[in-house]
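These notes concern the structure reproduced below.
Chain lettering (A, B, C, D and E) follows the sequence in which the chains are written, and residue indices restart at 1 in each chain.
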Amino acid sequence: MPRIGVFVCWCGSNIAGTVDVSTVSEAVKNEQGVVFSTNYQYMCSQSGQDIIKNAIRKHNLTGIVVCSCSPRMHEATFRKTAAAAGLNPYMVEIANIREQCSWVHKDMLTGTQKAIVLTKAAIAKVNLNSPLTPGESPVTKRALVIGGGIAGIQTALDIADAGFPVDIVETKPTIGGKMAQLDKTFPTLDCAACILTPKMVDAAQNDKIRIYSYSEVEEVNGFVGNFDVKIRRKARYVKEELCTGCGLCTEKCPQKKVPNEFNMGMDNRRAIYIPFAQAVPKVATIDADYCTMLKTGKCGVCSKVCTAGAIDYKQKDEIITERYGAIVAATGFNPISMDKFDEYAYSQSKDVITSLEFERLTNAAGPTAGKLLRPSDGKHPHTVVFVQCVGSRCAAAEKGKEYCSKICCMYTAKHAMLIRDKYPDVEVYVFYIDVRTPGKNFDEFYRRAVEEYGVHYIKGMVGKVSPEGDVLKVQASDLIANKQLHIDADLVVLAAAIEPDKSARSLATMLTASMDTNDFFTEAHPKLRPVESPTAGVFLSGACQGPKDIPETVSQAGAAASKVIGLLAKDKLIGNPCIAHSDEMMCNGCSSCERVCPYGAITYVNKEFRMPDRTTLVRRVASVNEAVCQGCGACTVACPSGAMDLRGFTAQQIMSEVDAICK
Amino acid sequence: MQAISSRTLVDIAAKKLASGEVSAVLGWKKGLFNYDVTPAVFTDEKDLAENFVYTDFCAANLSKYLVNETKKPEYRADNRKILVFLKPCDTYSFNQLLTEHRIHRNRVYVVAVPCNGMIDLTGAPYEKCVNCKSKKAVVYDELVGENGEVIDSNRFDEVERIEAMSAEERFAFWQNELSRCIRCNACRNVCPACTCEKCVFDNPASGLENKAISDSFEEKMFHIIRAFHVAGRCTDCGECSRVCPQHIPLHLLNRKLIKDMNEAYGEYQAGAVEGSRAPLVNYSENDIEPAEAVGKGGNNA
Amino acid sequence: MKVSYFPGCTLKTTAKELDAYTRASAKALGVTLEEIENWQCCGGVFTTANDEIATKLSSIRALTEANAKEQPLVSVCSACHNVIKQTNRAMQTDADFAFRVNNYMRMQSDTYTEYHGEARVMHFLELLRDEIGFDKVAAAVKNSLKGKKIAAYYGCLLLRPGKTMQMDDVENPRIIEDLIRALGAEPVIYASRNECCGGYVALDSPDSAAKQSRKVLDGAISAGADLIVTACPLCRYNLIKNGKSDIPVVYFTELLAEALGVKETEDAQ
Amino acid sequence: MHNKDNVTERVLRISGVNARRCMKCGKCSASCPSYDEMEYHPHQFVYMVESGDVEPLLNSRSIYKCLTCFACVDRCPRGVEPVKLVEAIRLEVIREQGANHLRADDVPAKIDEDVPQQLLVSAFRKYAK
Amino acid sequence: MQVSEYKPRIVAFCCNWCSYAGADLAGNNRLNYPAEVKIIRVPCSCRVNPSFVLRAFQRGADGVIICGCHPGDCHYTSGNYYTRRRMAMLFSMLEYLGIEKERTRVEWVSAAEGAKFAATMNDFVETVAALGENKRLEDLRCKR
């Protein structure tokens, strides 16, 4: 039989001013289970808590109701009080007679009557409470970072620095990501490779970091602290441990006509290749789509020239399984396709390029060795037009993206400035809708492009680019002059909107991490938990969460790492005991609960049941992962049989409150 | 008249039984009178030949029986199968049960049979046949005759008629209908969506348990909650109304929900596609607000 | 195959050859064009104001007739096609407009059945590409146009608004070029091929139309074309009027009829 | 004379345009083939209607210069459809009795024998009611 | 007018993270609303089973209101989206059975919207009071 104590707090006059507290404590004396009832000035004070503790011990209370301020204020306090007196902390219920009673009602009679009802509801509930113990789960002290761009590298370095092992999975043959393709970085104009490649080397040399390049995450199971991840190591037909990266094979390979993706297809590479000089790992990879040996069995040049004997045409994809305590998504971004914006003639002229292509064009290691030359004829351009917001801020979802891509204003200013710096003879026009430069030293940077370098910034958009002969006729508006402009350009550079990498969607499904309509990962809270996914143990780093520049990416990468470190530093995870629980005798295995669970906390197991006829029956039943469930209760309503219930907020408890209130 | 004769179906089933491919046949068995047809399991060819019928009185939807049939030890033991005859509308129920993992697909051999509509003992067609929604069998291992098409039926007309009433009229209408309920549970027991291991209405812990009709609230509660429990899972097979001894048009409750969900969240037919996600276990960020879902019907609420 | 055919007024007067070559080519390709009974002028341009109903009823009548016959509605004049397709789209997407149109139509006929844009509207070019197939067209060619450098001129009405017309990439179309290739000739690509010829302002501001047309002609000529093809009588008028016979401008169907070897037959007269 | 607020409201209604969607990028005006013929340009139509300043537009010859080529519609990143505003304002003018911009009497002087039917029909539809 | 002594009974289900906190804020700011409103705390509005709503009416409630985080702001990311669908269907069904639609309501109240919470409750109580006692969903056995 429950033995319940009721403790009514005056809260000075905060409650007692509008609620007759002694009437309340008196009125509930005969409620079911109540064996003790009292009131006191400040229940949360040390002496108030002592009253509770003493009563629990003296009256062998099995549950208590504290009538006081909001549970959001002192529920935790009174739970500790109860625990100190040997009572399970979840045998405590709060009747909120301050915020939701004395403070919102004026007269004593009304306030007192309502306080009594609220107290009775809490008593009815606590009658049905049962002791709860939070679950514990171990933590595997290893992290997985998915994506090896600057976001992933920085996150991995920071985690490793705290002493935890970390693996990077990168789908390309080398880490480095988009930043490796960039020339200079704003607003300081230092060279991207100079600041990135040392970090790549650090990652490679750090004994806490393992890099799985040319690999993809195949499957994720488990939950926070214990994710089991299958990683596919794609066959690169080169033994990574033997290849010295000498590059001889990449010079001798007879298949020379493979578009070089690192240079945005503006030149060619061989079928066996190392993406760029500072690649990490510096290991050759055979492109199976182009390799004559793999396709026809005839060639074998690379194998012949390789003194290390690293070539292995028989190599197969390999699946490895590893357990991780935390996972960081750092899958990055790509520029969108320009197919739907052919008014800019991207598909019609080689001299209309995207900004990322322009990066390669000005990069000393790029296809033109850093000389600004037109892709079509290799001539020096005299007039260059930049178009901003191509596909960004675009309401038509079938064409572009509704959001601002955030980085374009700054890199365009950088490009314009770099051209004017190296080639003062080139006229540079930038067509913009707004110039957005929030960031340290950003606006100063943009102003320098205008004031010191004489870049023509024109408020307006380009309507059409018409390739005519070797000229690009640009028709645009100048909104401030209220004129339509016609410029004969030699090169047009489009600031293409950026979008999350295509792999993010399938990864999100594997991780049961949520995404927004644009396929950016969603944060657990947009303001207060910006680097965590709502799925426990999954963290977000870099542009996979939203458009970001390098400084912002690096700081977010560090923030994600610190969250990971905080998790891995724990030996055990203590859960919230108010979570869902399925009664397997009643469960139909219908999957309704699984479909509404935002956390993927519900799985199904085939369970054996003894039947009355002594046979066994295997039935599919739901099983709640206590470490993953957050206790929202969505599943309890989806469940048609009522097998699913929520501890601490059971259907019976809530109905008993309803009954008490309506009595 | 059904286009397919009992003989044709008996031949199919007998052949499968004889070959050992199936160990039982779930079908319809004739009784004393021609209208007296009951669902039955046949295990030998003789019984099948003598007693199996497929006539205009075979309205019963057999899919629900498979939930318990396939649990029986003989099917669990090895890969033995039960053959079932399903009319087009029954295949939706079967598919829905597959979606909910209530039936092991590999333990069942489905023979889809065409249906020209079924009649009651007075010879009148059942409501569910008058407003037949589909002649298309959506799942089968073997198809007898030609497969039909989904029908653009007028099944929501009656719901619309009630919606157009005033609140008083609607209340009076349902008070009149539901007050006849005797809580016999026939609707629940026949419903292919009601296959819970333990029904909430039989479970004292659910707070909803009540076995006898004792107050006008009780029947409303029972029918609203039942409609909700099958919402998004009800294929509109019409069995609830067919078996109701009090002739309460229970399908109008389920159809209201189907209509509402179709209008608010896009067309959805439970059981049409195995594994599909029902509207109430799904959402969109731009869903209508509850306040927008009401007030479309008659005046003065 | 049998389709409903909406010729339009210009095809009965100054652009008779466009009509004749279309019919001859269709026949040669095994397509029956069933002319809409008592068709009325489409109005020449689509009025974008959503309170205008009367100006769109002629399209509705043609659409409902084709729909009743369960045939696609084919036209060859760019303007007619544009008006009909935009009207049909409005019937699909603008419930208010459709409601009012249906009410109006019901007043005129008791047998009128509610229409919501179910009919399929096709330009003759789309018919060639999507139903017949350019490969079939190529196979039917008797007189290859090999060696000819031909500039396709789309103008605006064939392609825009892109969301409604859905014929091709608005900014970089290829349907006429593909047809030119199918006929054995070499298409000439130039940027102004989807620019407006000046259209109806030719009457009110002839200078403006002249400027537009010159831009198109210059583009085609400097790209090396020796012939321009178009689908629109108004485009052709503007280009010829402002072209000073630099370059011939003909209907694409004339080219088609020629290649199919039916240009001189009586069907084309 | 036109009541200013009523006209703006009517223009927005019959055009179905939501001028507030405009982000003032000027791509419509960058695309407009008749730009140099116009006193007010497509982006100004949008801005002026949005701010209720329609009077100058009603009195401007710009409304007869639009080719209705739909380039502004196709290229607008926000789906504003400026051409519909130009058309609505022109209708607002010519729907007034006696305000036709093109009269049948004017036609003979303007045409030659090759003029296609279509030109007359569309010009009348655009310029007269 | 006979506004008299009739006081409707209102059950308000509030989610812990937004609406319950919004109600607390109404208290902090001393914003009055009728004492007939009694709040039941649930972790998320999606915990509210349609049967709880019916239970409340059975036991004598005259109005039931469910408050949750604004769509898109759910602490559990998607709980209130399910609430929105379930309650839309429940309310429509109750209306279909002739129950006054004003007796049920869903309102999104954030933790910052104390004023909205109080205003919502004032309005809801007034609306339900105007309807009078809940007769159409009453259970005579539970009558006082």
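In the analysis below, a residue touches a chain if its C-beta (ideal position, glycine included) is under 8 Å from a C-beta of that chain, and two chains touch if they have at least 3 such contacts.
Keep in mind that what you see is a predicted model, and the values were worked out from it rather than measured.
Participant: Treat each pair of touching chains as one step and give the shortest count from chain D to chain E.
Facilitator: Contact-graph shortest path, chain D to chain E, evaluates to 2.
Participant: On a CA-centroid basis, which chain has its centre farthest from chain E's?
Facilitator: The most remote chain is C.
Participant: Suppose every chain is reduced to the average of its Cα atoms; which one is closest to the average of all protein Cα atoms?
Facilitator: Per-chain C-alpha centroids compared to the overall one single out A.
Participant: Between A-C and B-E, flag the pair that has more C-beta pairs in contact.
Facilitator: Answer by contact count: B-E.
Participant: Report the inter-chain centroid distance for chain A and chain D in whole angstrom, where each centroid is the mean of the CA atoms.
Facilitator: Whole-Å distance between the two chain centres: 48.
Participant: Would you mind pulling out the distance in Å between where the CA atoms of chain C average out and where those of chain E do?
Facilitator: Computed from C-alpha means, the inter-chain centre distance equals 60 Å.
Participant: How many angstrom lie between the CA centroids of chain B and chain C, rounded to a whole number?
Facilitator: 53
Participant: By the touch rule stated above, which residues of chain E touch at least two different other chains?
Facilitator: 50-51, 55, 78, 82, 86
Participant: Scan chain C for residues touching two or more other chains and write them down.
Facilitator: Within chain C, the residues that touch at least two other chains are 170-171.
Participant: Would you please write down the residue numbers of chain A that are in contact with two or more other chains?
Facilitator: Chain A, residues with two or more chain partners: 343, 464, 596, 638, 651, 655.
Participant: Give the pairs of chains that touch; include all such pairs.
Facilitator: A-B, A-C, A-D, A-E, B-E, C-D
Participant: Sort out for me which residues of chain A touch chain D in the complex.
Facilitator: Contact set of chain A toward chain D: 343, 389, 393-396, 399-400, 433, 459-464, 475-479, 482, 484.
Participant: Mind listing the chain B positions that touch chain E in their complex?
Facilitator: Residues in contact with chain E: 162-163, 167-175, 207-208, 214-218, 220-221, 224-225, 227-228, 231, 253, 256-257, 260-261, 264-265, 279-285, 287-295, 297, 301.
Participant: Could you pull out which chain E residues touch chain A in their complex?
Facilitator: 9, 11, 16, 20-21, 23-24, 26-28, 30-33, 35, 38-44, 46-52, 55-56, 59-61, 75-79, 82, 86, 118, 142, 144
Participant: Residues of chain A touching chain B in their complex?
Facilitator: Listed in rising order, the residues are 517, 585-592, 595-596, 604, 613, 615, 617-620, 638, 640-643, 651-652, 655.
Participant: Quick check: in the complex, which residue numbers of chain D touch chain C?
Facilitator: 13-16, 33-34, 37, 64-65, 67-71, 73-74, 81, 83-84, 87-88, 91, 101-102, 107, 110-112, 114-123, 125-127
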